[in-house]
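Remarks on the structure that follows.
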Amino acid sequence: MASSLKADLRVSIGSLKLKNPVMTASGTFGYAKEFEPYVNLHRLGAVVVKGISLEPRAGNPPPRIVETSCGMLNAIGLENVGVERFVKEKMVFLQDVNVPVFVNILGDSIDEYRVIAKRLKDVPGIAGIEVNISCPNVKKGGVAFGTIPEMAALVTAAVKEESSVPVVVKLSPNVSDITVIARAVEDAGADAVSLINTLIGMAIDHKSRRPCIANVIGGLSGPAIKPVALRMVYQVAQAVSIPVIGIGGIETYEDVLEFMLAGATAVQIGTANFINPRASEEAVEGLTRYVVDEKLSSIRDVIGGLILP
Amino acid sequence: MSQFQEKTEITRIERLTPDVFRITLESSEIASRARPGQFVMVRTGDGKDPLLRRPFSISQTSSGKYFQILFKVIGRGTSMLAHCREGEYLSILGPLGSGFTFDCKADNCLVGGGMGIAPLLFLGKSMLRNCTLKPPTIVLGARNKEELAPLIKDFKELGLSVYPATDDGSLGTHGLVTDILKGLDLAPTCKMSVCGPTPMMTAVHLFCKKKEISCQVSMETAMACGMGACLGCIVPLAKGGYAHACSDGPVFDAKELLWQVR
Amino acid sequence: MASSLKADLRVSIGSLKLKNPVMTASGTFGYAKEFEPYVNLHRLGAVVVKGISLEPRAGNPPPRIVETSCGMLNAIGLENVGVERFVKEKMVFLQDVNVPVFVNILGDSIDEYRVIAKRLKDVPGIAGIEVNISCPNVKKGGVAFGTIPEMAALVTAAVKEESSVPVVVKLSPNVSDITVIARAVEDAGADAVSLINTLIGMAIDHKSRRPCIANVIGGLSGPAIKPVALRMVYQVAQAVSIPVIGIGGIETYEDVLEFMLAGATAVQIGTANFINPRASEEAVEGLTRYVVDEKLSSIRDVIGGLILP
Amino acid sequence: MSQFQEKTEITRIERLTPDVFRITLESSEIASRARPGQFVMVRTGDGKDPLLRRPFSISQTSSGKYFQILFKVIGRGTSMLAHCREGEYLSILGPLGSGFTFDCKADNCLVGGGMGIAPLLFLGKSMLRNCTLKPPTIVLGARNKEELAPLIKDFKELGLSVYPATDDGSLGTHGLVTDILKGLDLAPTCKMSVCGPTPMMTAVHLFCKKKEISCQVSMETAMACGMGACLGCIVPLAKGGYAHACSDGPVFDAKELLWQVR
């Protein structure tokens, strides 16, 4: 029904035009193929695939996930097939789907980021790169790239140098002032920022007296973190002039509207895909109806439209 | 293979013991395609607490239109399910995962413990339909008679005979399912299909390994998505690395898994 | 029933001995009197009263609170009667209740903190001071004291100088590395740290396109933040040698056990008081039963008892 | 004044309109102490979503043992309440807040809109019992007949007569309660007691101010605790500063409040 409605949902991320602002978040949508039985993939704004590293990674031992109040903790440990197999195996399916694909990349050193970006350059079907800077920097004693503005800028510049597609830098919320990092990566050439990645959290089983996940600490996602995500998107949207992609606890088109009002140009749906695999497509349908019902000329009218008291 | 996200109607809720329930759901999409050992992800309520779906084995299908899940109330999600009413709708994803495989020419032995008995009913029924010559040998264990008797009933109604074992001896053998297995004269070509608590599956695996009997097990892990997307549901492999219980399993050849033997 | 059971629940915060580790969190328990109809106040480990400033404050305009998924946002704006009226009016009731009282204090400058501490010195019935360093520092352009280690240390030292009772410093979670702040206040003389204060968050009503609270941003509390709180308590407990008081989403004695396993010596119950005014007393009852059932010689055996994989 | 936290049994649930429900709860502690205008904080479920209790006016008490709340389903909390069953228990805090005051010697006029009618039933009943000489004048407004008729019924059963107003004219005056007030010959010594949506209360306040009639209003705000602890429920005062709706109110002298007149 909603699919027969006409509404202008188009938004731009750098030079890339998306047919709507609804993307899927890295690590929550597999390599997209997993969702084919449930979603018309071509109706989404874009999909972001699971984080890809230079070499394949087996990831952390089990248990890797646990549910928390209105959220979940994960410590997957970045299990992935590595950039080579990703290009050879996973991109084949993705090339056939008529949807822009962002490849989420991560590394232990600036050089690794650079090499991955180089390998992905000019691979057909890749619409953009999302740089995950929440990973610990092995050389710098495990401090995350995402917490030090200078490091974040260096990673951004390195990837940018090797890329012909828009580069989105994905920010960590586990910082005192996220706008500082956002400005640093903007200055280093990022075409957009996406936020937030997971909040670092922990869960304990009092009966066994053990951590609920083997990695002890993990990333908190889901509706629980939405207020923090919304606040950071609002702050960053005011601090930078590149597009902001909002992430964190988004489930419905109403949530999408909230993030866009706070200043997001596009959004990513994460954990909600697990609960409702159709969440992303339903959000597109909801936005379509909203634009029609509210008689907006474009969804872009909503961006940053928050009315302050 | 196709999966569906469906709003399915609850056509029946039965309380088998104080904390074990059986729900019959209507979905020809799911019921007509399900294979024994597959599972569904159930949304237990509309709210955000609990947030994630819960996995349950398909314990039976009928008329290509209905399927059942059998579950024990252990936390908030199962307690919410137990409070559903007939006529209400549940959001279901499925059928998911690989199923059990079976070979009608081999002797088949099904071993279940506790709620792990659920998928074995579906498997037993399929064997009965397809392998007319040799009905499977069925060994089921639980804590006590109260828990085990209503689960055995289903098998009996199909005409299958069951070797029961209970921890307290209140029904059948006083002891573990492996105590029964030891007493059975199993052919080396026998194929074991097992579902139950990990210690039980470990014991059966070790038993089979010693006897060089082929053994497939259905693994339970925490699951967020049930469809291979979150990578949360891993089981360690003997060769190193991990498999995903939801998409590579939940049924695995026991030999391929890494068992923690204490 | 549980009250007839005997269990050693005693813990120490600096020189102060508490009969059990269950405290109530500032701003969620009023001045304690509000809870008298529901709770046997003398059965609690301690109560922490609403934050007190030098002058009375009217607080923020409405709306001040909004519910979020498994949490709530508040921007009360530190409404309080000011230190003078607090001592003259509120302490009278508190002096009669046989429970240790912590006074939570806040200021816009180091000097304000110092003056409040001085005024509270030797007021009978005050068992300890809890220093809220999450407030913006007016002189330093509104940056919170709690985000800069040097500032946090200066505030701590100033209050410590004027106090004869244990001084607890309450840490903000909105920082890149909370252990740095914790160590800074430990070095400056804090007798204990308490954490976490609220996470900064935001909520938007998409229908009106306005923020849900007049202050636009507010503090997120409740079960939603528990994983973040638990992680920070775990990290801080390893970084300092003074006692850690765990706060964040605690509702039941099981939650208390989780925080103690992570390294907390005591805990504070906050938002849960609104949902179940008896939450704190029920936690004490639960801990009592736990110590008896598990045959522990003391609840102190649980502290830091997390078993790592 | 004493408050209680109680597990109270639901003795009756009635559906008055498709989205308005009335729940009768048993608690002699609360019922015997409640005064008109007071409210209770209700926990709408066991889970953490919704997290906070919801405030509802006490709309009636009976036999010193039962009390009722009347509510409209507008979100998750009220929807969960509407799904409760008789015999189940609800956790209640109350009775909370100040009540309405009334003077039997004065003419009393009760003005209610929508769900704001709930506490006025309790107030009308008390007046009827205590002020045998002069029954109050009662003016009630709602969107339409469907919504208003079942609420008026309660007043009629007590023998009170009501001036109704509906937005669409389907029952009584076509218009607002203030349209009715204008036509009434109210004594300057009359005391107005009002509960309803803020725009309605603003209009009634302005009406009373002009006529120099005393006016008390029951304010609705978001509430987390209901007992003066969270400081979330403020209403701006005419003299500057704020009062707390839960503990200083919810009933206030309209003159003392700051009204936003657009």
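Letters are used for the chains, namely A, B, C and D, taken in the order the chains are written, and counting of residues starts over at 1 for each.
Here is the rule we use: a contact is a pair of C-beta atoms (placed from the backbone, for glycine too) under 8 Å apart; a residue touches a chain by one contact, two chains touch by 3 or more.
Values in this document were obtained by computation on a predicted structure and should not be read as measured data.
Contact with subunit C and subunit D alike is made by A, B. Of all chains, the one whose Cα centroid sits at the greatest distance from that of subunit D is B. In whole angstrom, the spacing between the mean C-alpha positions of subunit A and subunit D is 47.
Between the Cα centres of subunit A and subunit C there is a gap of 34 Å. Within subunit A, contacts with two or more other chains are made by residues 61, 69-71, 222-223. Subunit B has residues 48-50 in contact with two or more other chains.
Arrangement of the chains shown, judged by which pairs touch: all-to-all, with no pair of chains left without contact. Those residues of subunit D that touch subunit A in the complex are listed here as 48-49. The touching residues of subunit D, when paired with subunit B in their complex, are 45, 47-50, 76.
Interface of subunit C with subunit A (complex): residues 61, 68-71, 73, 147, 174-177, 199-204, 206, 208-211, 214, 216-217, 220, 222-228, 230-231, 234, 249, 254, 257-258, 261-262, 305-309. For subunit B in complex with subunit A, the touching residues are 2-5, 43, 48-53, 91, 93, 221-222, 224-225, 227-236, 240-242, 247. Every residue of subunit C that touches subunit B in the complex is listed here, in rising order: 69-70.
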